[in-house]
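For clarity, chains are labelled A, B, C and D in written order, and residue numbers in each chain start from 1.
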């Protein structure tokens, strides 16, 4: 950080003023952590976006803890940043700190997930629709099965995390009313490859390898782990067991290209682009963005050129 | 006169002052009342839990269940406020009763079954976290107006810092902890146990009662920390406060309490908490350091303080002449 | 620990508990014991328990030795993360799997020596000494991976975690071979005796001419190496180093395994075999939970209750009471035996 | 002395069984106010068991206890303390991490409004200790003060807590002479205050210096109670041992010994022992005499490298020997049987066999294990040669009696075939039979050409087996006696020489 910026930050903190020079923005970014490949890519993209715009990005990794995020936010406010990007770890419990930000006239933009707070407390939320993602996955499976009976196993995300809950809800909505589809087992794989593999192994044992027709995983990492388990069980992933997951990380594209996986729904890691666009516009002339900027939830299947996407994505730090 | 026993406390205090001065010279904004208020508010739940942990460690034990109990308390509060009509204050009382009883039960198992605290509280950690999951896996929001009322109690300092109720509660807990440790028979018994269980028994310290009391206090304060945490986040979440026990242990050690038990100060823990909070704040201010540096810096600090304590013990034993017949410990 | 002559008698409680937990598995999943040969590898519930138990078992080997010296190593989980990160980093830099394994083991050895020096030379209480690395280690691993999950496609390295040797999953081969090797090493040499001597009475051991410092350092070194190996296996299993999650809370499982194995946390007599059985018991409990199809939110509660039950059954006090009950046949005033034991650690 | 007044404490027919043994048989004991009553007996005679029965630490299997004429049955040390019976042990049973005042008032701190008043507590503690002749800062932690001061604080606490009967269980065992005097002055004050005091010690001179009556136990029976003003040490020893101590001067065989094995030149460590020099020849026994704390153990520890010397050097057969630790000493074929068997000697949970081969194994290194059969053979050999009574070689050594543990430790070192064997109090706390055997063993080892250095507080013993005696006083080597000059009288003279204030 430059000396000038230091002084500036100090002055701002001691006598809070809203705006700073346009081309010398300091933005705080409170990231959840680096618990998955997708999360790491989001961090990379955000840093790239900030750099491209000449923004001084203050990055704080909360190690999956809300308390750390609140601390980081308060730290940003005390420092007097020009704006805050927040990727909230949970939906609840942000009212107080958002009020403080508002009082200090620091706009907050939510990324990736939204919060249960009064919408006036934040500028906008750039998110995908987690429920929608699950629903897309469910609907894709419905059309893929085309009326055939299918016993589905589900790898949940970390117990209690909002993507796990929403993606489960969405998927159940997607397959609702189709009696041929049935979720027979559902366990948490903690969003990690290792647990995805372990839990899939036990699914295969418990149900018998031939009795599982499809796997729905709440993220690609678990699906990639599960693919290994399926291969080790002597089955062909993608053929004997249809696999659909969410996130579209490079390894998932690779798996689809190799025919080991069938579909993934993209959750773009580029939340920062639209977020920073909105923030800059707001800081420049007070343009109020829409309250919700939804990113696309694109479905990738074998019909896409997955190798090309893989090459394009693999440098993003997934 | 500075007694050798209070030296670790002074070193902790000095570390805090010097660290704060260094931070402030790098980022003048660190001097704002916001930062001071944040240190108190953001660390309130950790501080309260650390008071209980101080007692446990002073007695020569350890309590790994703290973080899980905090999570359980939050979820329990949220669920009970959502599903029943009882007043939050009654719910608070209920939570404190449950967590205190939980701690007391662990203390009872430790004492009567002669099992190591490490293992017993480890099982307690699994159990409390598991119970939180069973209650609810979702993050359950708390929307009682009493909560809003509590959250709106704060004193706003001139440059924007908000000194909230929870920060005050932490300070009060520390004060109560200091009184309990130094001015009550129970506190003296805790120190006595830390000095040597067998000797304490011979000197008439009621070991069973004290052990159960210590873990009950730790459990109860974890419950209180859970209440504070629920005020902090307006929700109960079963994944919250993972690993808080480690932070609490680190704060206790940085605060100058020997992990072997018997020596240390509740007040030292307070500064241990502040030092750790300061490191986090600095890393946020810097904004380029990976936040994993927090862990590394805290590890390094732990190491420094352990070495320092080692040096002090060594210096004090050198001063005394070696007792006849006892060769140097290997 | 009673010095029993027959190893079977020493292992009896663990074997009974393991049998009970396996029976539980069988109850929730009738095909549990069926083993098939598919796709060039053995396949079945029991194989999974053996395979998934590998990291805990490998950690438990080192942990048993550490605990035998009256120590504890809280840092193994963090060391796993560091070792996995190093292995992935080395492979990513274009080196072979041998170099990666060597590098990871070297990292583990360095961590072990660090712990050993703190404990043996600076005489810092083990729980405190290893706490330092436990707190800082994951941060170090995160710095190595730069916050990402470092994935790799090196077949040799992957083989360590996900491959098979003669149809048996490699991790199973590794932990059984390592367990047998270390057991052989400590029992066929005088290491076991010397380690136990240090754990029981360090001062007297030193006066008897035992090089306690070097031995203690070696024990922590072995624990570090075991942790590194476990870390590589975990990383290889998923073809990626996940500094965030690899080995998280594994130190607790490893210590539990040792304690369930009937080894005293106060040091002294130890049995690596019993610790390995302890690791299998823990893994069987996990497996039973997974196979039962219970909702995941019950996992921890079930695990906690089972572990608590196992530990309470093994508690010396319970054994004492049972003994009194049996001996006195309900005698109203059983003779109080003084079991003077330092409860505080 | 024995006033016709009613005894404070009257024990009648105290009986206690241990599994397979009678620890106490029908023991009577009467304590009068204002008397110091010595409780004497060899180790294992039942002194500790009796104390534990009196204080309720052990449940009695028979007998009654009367305090001031009323029957009492304390179930714990706390209860007995509340009744008026306080106990002070050899190891100070106070908490080093607490302050002096906190130690004195633990559990009964003065309170105001429910909170401890630290100021009042400190004032009361200061005043209390002044009554015992101690003027110290009571706000310092206990560990700040010497063992003797700690012991007085322990006595003060015990008296304040109980106030009728004070039991002193070897409180002077680890004190030097001035310190003993400090404790005795306190005991005299308490006696004048009318307390009944039980005093247990191994030092007969202390018994006669402070006690009024003595009760002697042997094998769990009372063999006699004597008024000490009417009896002499010889009588008491006779009661204790059941036979007159053979005090005739033995014929000396060794003479000057053979070649010089080791030369010690100015070996010392600051704050622990002044530099000392000596020559050790093959086939001689060098006795180290002196009072406790005079530097015997320190000398032995330094010789063995258990404590690092900061000055001086050792030459072994003309070559410099650097001792960085016991390992180097073991490699140089030195051996040390330490004074405190339990903490520094035995590895309690290991078997007898493992304990015996441990030093040999340590010297050979971990890579060359002593084969099981060989270990068995060595252990069996020594068990036979030293008459170690163990039910099995596989039993944990902690289950053996003190004398057998000591012999097993000797076996551990003999198995390494040492050239220099250092024995620190080899006969402490073991029964009479084993005592004689160990003395015999020392003689026979010397005859075989081994060099021995033996530190002992038993003068007669030193006279019996030493070829030379080095006398230490206040951590300084003050005399060396050889040949005919080795007599108990000469040793005592050397110890007390230039000392005007005799205790």
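Going forward, contacts are C-beta pairs under 8 Å (C-beta built on N, C-alpha and C of every residue); 3 or more make two chains touch, one makes a residue touch a chain.
Just so it is clear, the structure is predicted and the values come from calculations on it, not from any experiment.
Centroid analysis (C-alpha atoms only) places D farthest from chain C.
Judged by contacting C-beta pairs, the busier of the interfaces B-C and B-D is B-C. Rounded to whole angstrom units, the spacing between the C-alpha centres of chain B and chain C is 29. With centres defined as mean CA coordinates, chain D is found 72 Å away from chain A.
If you average the CA atoms of chain B and of chain D, the two centres end up 45 Å from each other.
With centres set at the average Cα position, the gap from chain A to chain B is 33 Å. Those residues of chain A in touch with two or more other chains are numbered 61, 64, 159-160.
For chain B, residues touching at least two other chains, in rising order: 133, 137, 194, 238, 290, 292, 327. Multi-chain contact residues of chain D (touching two or more other chains): 306, 338, 343-344.
Chains touching one another form the pairs A-B, A-C, B-C, B-D, C-D. The touching residues of chain A, when paired with chain C in their complex, are 33-37, 40, 43, 61, 64, 156, 159-160, 185-188, 190, 192-194, 197-199, 201-202, 205-206, 208, 221, 224-225, 228, 231-234, 251, 317-318.
Residues 77-78, 81, 93-98, 102-103, 106-107, 109, 111, 114-116, 118, 139-141, 143-144, 146-147, 157, 161, 174, 271-272, 292-293, 297-298, 301, 306-308, 338-340, 343-344, 424 of chain D are the ones touching chain B in the complex.
Chain B contributes residues 3-5, 179, 182-185, 188-189, 191-192, 194-196, 199-200, 202-205, 262-263, 316, 320-328 to its touches with chain D in the complex. Residues 26-30, 32, 34-35, 38, 41-42, 45-46, 133, 136-142, 151, 159-162, 229, 232-235, 237-242, 277, 280-281, 283-288, 290-292 of chain B touch chain A in their complex.
Touching chain B in their complex are the following residues of chain C: 72, 122-125, 127-129, 131-140, 142-143, 146-147, 202-203, 205-207, 212-213, 252, 255-256, 259, 265, 296-305, 307-308, 311-312, 315-318, 339-345.
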